[in-house]
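Each chain gets a letter, A, B, C and D, in the order it is written, and its residues are counted from 1.
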Amino acid sequence: MSPVVRLLVKRLSISIIVLIGVSMLIFTIARVIPGDPARIALGPNATTEQVEQLREKLHLNEPIWIQYGYFVRDFSRGDLGVSLYTNRPVTTDIAQFLPATLELVIVAGIFMIGFGIPLGIASARYRGKAADNIIRVVSLLGVSAPSFVWAVILMLLFAFFLPLFPIAGQISDTLTVPPRITGFLLVDSLLAGDIPAFLSAAHHIILPAFALALSGIGQAARLTRSNMVETYDKPYIEMAQSYGFPARRIANRYAFRPSLIPSLTIIGLDFAAMLGNAFLVEAVYAWPGLSRYGVQVILRKDLNAIVGTVLVISATFLIVNIIVDLLIAYINPRIRLAERGRP
Amino acid sequence: MRRTLSILLSNPLSVIGLILVGTVVFSAVFADLIAPFPSHRGAVVDFTNFNQPPHWPNIFGTDLVGRDVFSRILYAYRISLLLGVVVLAIAVPIGVTVGLAAGYLGGWAEFILMRLTDVFLSIPPLVLAMSVMGVLEPTLTNGMLAVTTMWWPWYARLVYNVTRSEAQEGYVLAAEIIGASRLHIMFREILPNCVPSIVTKMTLDLGFVILIASSLSFLGLGVQAPTPDLGSMVAEGGNYLPDSWWLTVFPSLAILIAVFGFNLLGDALRQVLGSDQ
Amino acid sequence: MNDYLLDIRDLKLAFKNYAGLVEVLHGISLNVRRGEKVALVGESGSGKSVTARIILGLLQELKSARISGSVHFEGQDLEALALRTRLALRGTKISMIFQDPTSSLNPVYTIGVQFNEVLRRGNPDISERDAEARAVALLKDVSIPEPERVLVSYPFQLSGGMNQRVMIAMALANEPSLLIADEPGTALDVTVQAQTLHLMRDLVERRGTSVLFISHNLGVVREFADRVYVIYKGRLVEHGETAELFHRPRHPYTRALMAAVPRITGGGIPTISETDAGFTDPMIDHGVAS
Amino acid sequence: MNDAVADLRPVVEARNVSKIFLTGTHEVKALDSVSLTAVRGECLAIVGESGSGKTTFANMLLGIYPPSTGEFFLDGELLPARRTLPLRRSIQFVQQNPLSSLNPRRMVGASLRLALNVHEIGDRPGRKARIGALLEEVGLPADFAHRYPSALSGGQRQRVAIARALACEPEVLVLDEPTSALDVLVQARVLKLLDELRQRRNLTYVFITHDLGVVRNIADRVAVFERGRLVEQAPTETIFEQPANAYTRSLIGAIPVITDDEEALRRKVMEETSAG
């Protein structure tokens, strides 16, 4: 078995253990609710019999581990139960709302890497100089406000005062939405060959994605900088300098790649944070993603929907982490090739 | 200590951080004395002076029921800082103990504790806090509980990493050879060497707790009205953009300034204490 | 002018920190002729490694470093050269070997990739195929048995001794006139260190490369160098031809240093006085027979 | 008379000790059935290069991990895998790098006090005086107890590490390259101290090193390890004058020396190699 395959198998099995842990944790949290979820779901006008029927249906009268057993049984059939809020299967709800959120997060992730890492490289290369200080302050500002603050500020600046971008929504109202294939509007509009729709969707996503990405950009820049500055102290950088390679080449080639290895793990975690922060940005820009659904189901103590939503988000995060691990393995030959035995 | 301070004061950014943090802490502690309208922290209604842009004496304007935005920001700082201190006071000891045990003992303890930590870390922080907050009544205590739930794993991970590398150091081996107990080695030998990293992170985190708590209340899952809260102020004001801009802009800037201050200070400490992770 | 390849005059170095200036070099003057192997020997913190880095211009990039004095290389004043010209000397006319070979090679690129870049420093137009052929030949010169296999390996896959040979081959690849060796092989086992040192000596003698050899190990210096400078706390204290200096050390510091080395012929652990009396006495120069 | 006989009994004995490490999928034999003894008051040097197994041997003697097969004995008693406090106290350790072996955030006095506290040596008030005495015994002023390691030089730190090992009042001291991180002048002073302490306290040294020059002048007996095997053991004089093993000869031949006498010895040893 090649080392990469072994790594993948190991990571996958750990992720599954963690996911089981997440399901148990969130299941426990969802079941310690004070008050009767059935009563809350049915409202004050329902009769006692109706409430009792729903409790029976949701197995609420059984001990919690039995309830968890039912949950696992249903889950293995791809059934996350029915939402008490929408009266639809939770899987249907998630399939409807998740793509918009993922689309937002992916675009924000591209911004985070595309802006954050080059800023970090520049900062490290000019460490101690003016450019470094400016980048450090700006990236610190980036991480110093929650996404909703950036969302509000960007909206004020670039949608109201300078009306460059639309205020809300995913696509212009005057356009017909392209047929849903992947759920990702940017992809679907391209698949449909509908260029105006694509441009409108792109136009709509820039501001929320940037608001979501700002703290990630700052974090990525800071991380890249600090890991690269550490790498600059390594003997192999001094050796590269002793060969007179240009500073830019030393930064981009000799210092960047080794320092990316520790940065990538944290960037993966930041991606997770963005999945959560997307809730904040979606609320500001009326983005039709998982946010409103998630907040509503939490406020209504909609057990199945809460568990389902959190599980899907965690699974997405774990998948991202596995991808990050594979990227690290690709960059780091020590992982890619089995290490020599040590005495 | 004196060396630490003299290095801190020699860097303009750290000085700015100190000033910002000092200002925030001062205004939270002495809100009663500074706030022009102390009673506006509660459910006061003044329909003769509502939704007014900044003017004297309401320098940050008034909200939809006529309360002074500036006064409310001061009291919001007080609650945010209290929340931050309490959360860290609970989360740090838990996280540190878990991290030390997992990092030093290894084996099954490490596997179980770190997988447990992974479980918490693989739910986005905000989503975890939201779920806890959602099932509980939205009170300040429960807010603290929700944020603590998501906070300790970060300390567990930090201390675990530091412990793992410190455990390779000769002084740990030396203590083992002498026959010192595991508790001694964990808490008296290794822990002091984790302190710089922990202190740095705590400084940064006082800012980030404010950030997360405001995010929760922004979504309506935090401290409830009429208690002043920066997140809910932004959320309320957001509906009246761009005309009543002061309702959102000032609380937003208040969050930014507080978190930025703690970040500057934490960064400076990181450099001085040499705890770059 | 003189015929020195490297001529350092009254070199001073200080570092500025928050507490003030810390002087590291108090004005040292030393030279290396063409084809000569000169050692700079001293304990840790004596200033020997920073001297090497000043020659290459690596310390000048530090904001905290204060440097004065002159460094002439091939008759040119290095400080007077434009940065670009000075950079052009590195890796072509002057190259350097570092203490720990394995951590001095970049961990994420293969030896072949790194070798290729070094060769491109000397000849930017060299083709991929020529570069590989040249690398293989150079690795053979340092007695590496399977050069093709080594070129596709990463540093962590090779032993310390093997990496040391690779580093020597790289340093000599562009036929520099001056090789600076900073504690070469100190991180290696004695037998490996002995082998690579002999190898390096043979190679530089055959090519007529000058060497500035920096070490704390008197034994290694005695075997390698033609001429020796002894440095103590940023000051040169004694200078002479190797045989002369080792037979008749005159400076109190040099004598203490030599007395402190345990002999394999026995004689017990030397008694070294706890005081450093006389260590800062003026420099003794044995002169050089021409 | 009885004392003399007792003194020749081994204090430390290793019987057929082997260690196998698992790295990934394959096994590495770090030590291959080594048997060795050290008698009371002796300095036994263990010499070898990296991968020779000398550090593995020391680690198992110290109980850091158990041997895969074979046993260690102390004063004729089998050493168990889990060491009791009295056994820990009997075998102490001085590491190569004092910068790492002293806790940077604990004062020198606290590091020494730990040993006294763990083994309940002396009463509480007496421990302070004992710490001062230990520091003076290794040639440091007593008030160094209130310093942090960062305020000491390399040689001073190593003296503190030695004092800490002595605080346990051990019988056996395992010294792992105790002077190789030090400058040569400091090394000579620390070696002198170690030699005096051994005589004064009748300690047994297991001295792990790669530096044959040091070995020649401090050890009574030498054991040469090569790739996990004990290839030669003999009194120091014999090892240097008439080395029997080819590897031992190559080690001696590789030492950089500074006098003509040493060079002559080295040449003699190497000639025997080519002749043999």
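Of note:
In this section, a residue touches a chain if its C-beta (ideal position, glycine included) is under 8 Å from a C-beta of that chain, and two chains touch if they have at least 3 such contacts.
Note that the structure is a prediction, hence the values are computed from the model and not measured.
Looking at contacts between chains, the pair that accounts for the most C-beta pairs is A-B.
Put simply, the chain farthest from chain A by mean CA position is D. With centres defined as mean CA coordinates, chain D is found 33 Å away from chain C.
Averaged Cα coordinates give chain A a centre that lies 51 Å from the centre of chain C. Between the CA-based centres of chain A and chain B the separation comes to 22 Å, rounded to the whole angstrom. Among the residues of chain D, those in touch with two or more other chains are 50.
Interface residues of chain D, counted against chain C in their complex, comprise 49-50, 183-185, 187-189, 191-192, 195, 210-214, 216-218, 237, 240, 250-259, 261-262, 265-266.
For chain D in complex with chain B, the touching residues are 62-64, 83, 85, 88-89, 92-93, 95, 97-98, 100-106, 111, 114-115, 118-119, 161, 164, 168.
The part of chain A that touches chain B in the complex is made up of residues 14, 17-19, 21-22, 25-26, 29-30, 32-34, 133, 136-137, 140-141, 143-149, 152-153, 155-156, 160-161, 226, 230, 269, 272-277, 279-280, 283-284, 294-295, 298-299, 301, 306, 309-310, 313-314, 317-318, 321. Within the complex formed with chain D, the chain B residues making contact are 169-171, 173-181, 184, 188-189, 192-193, 195. Residues 6-7, 10 of chain B are the ones touching chain C in the complex.
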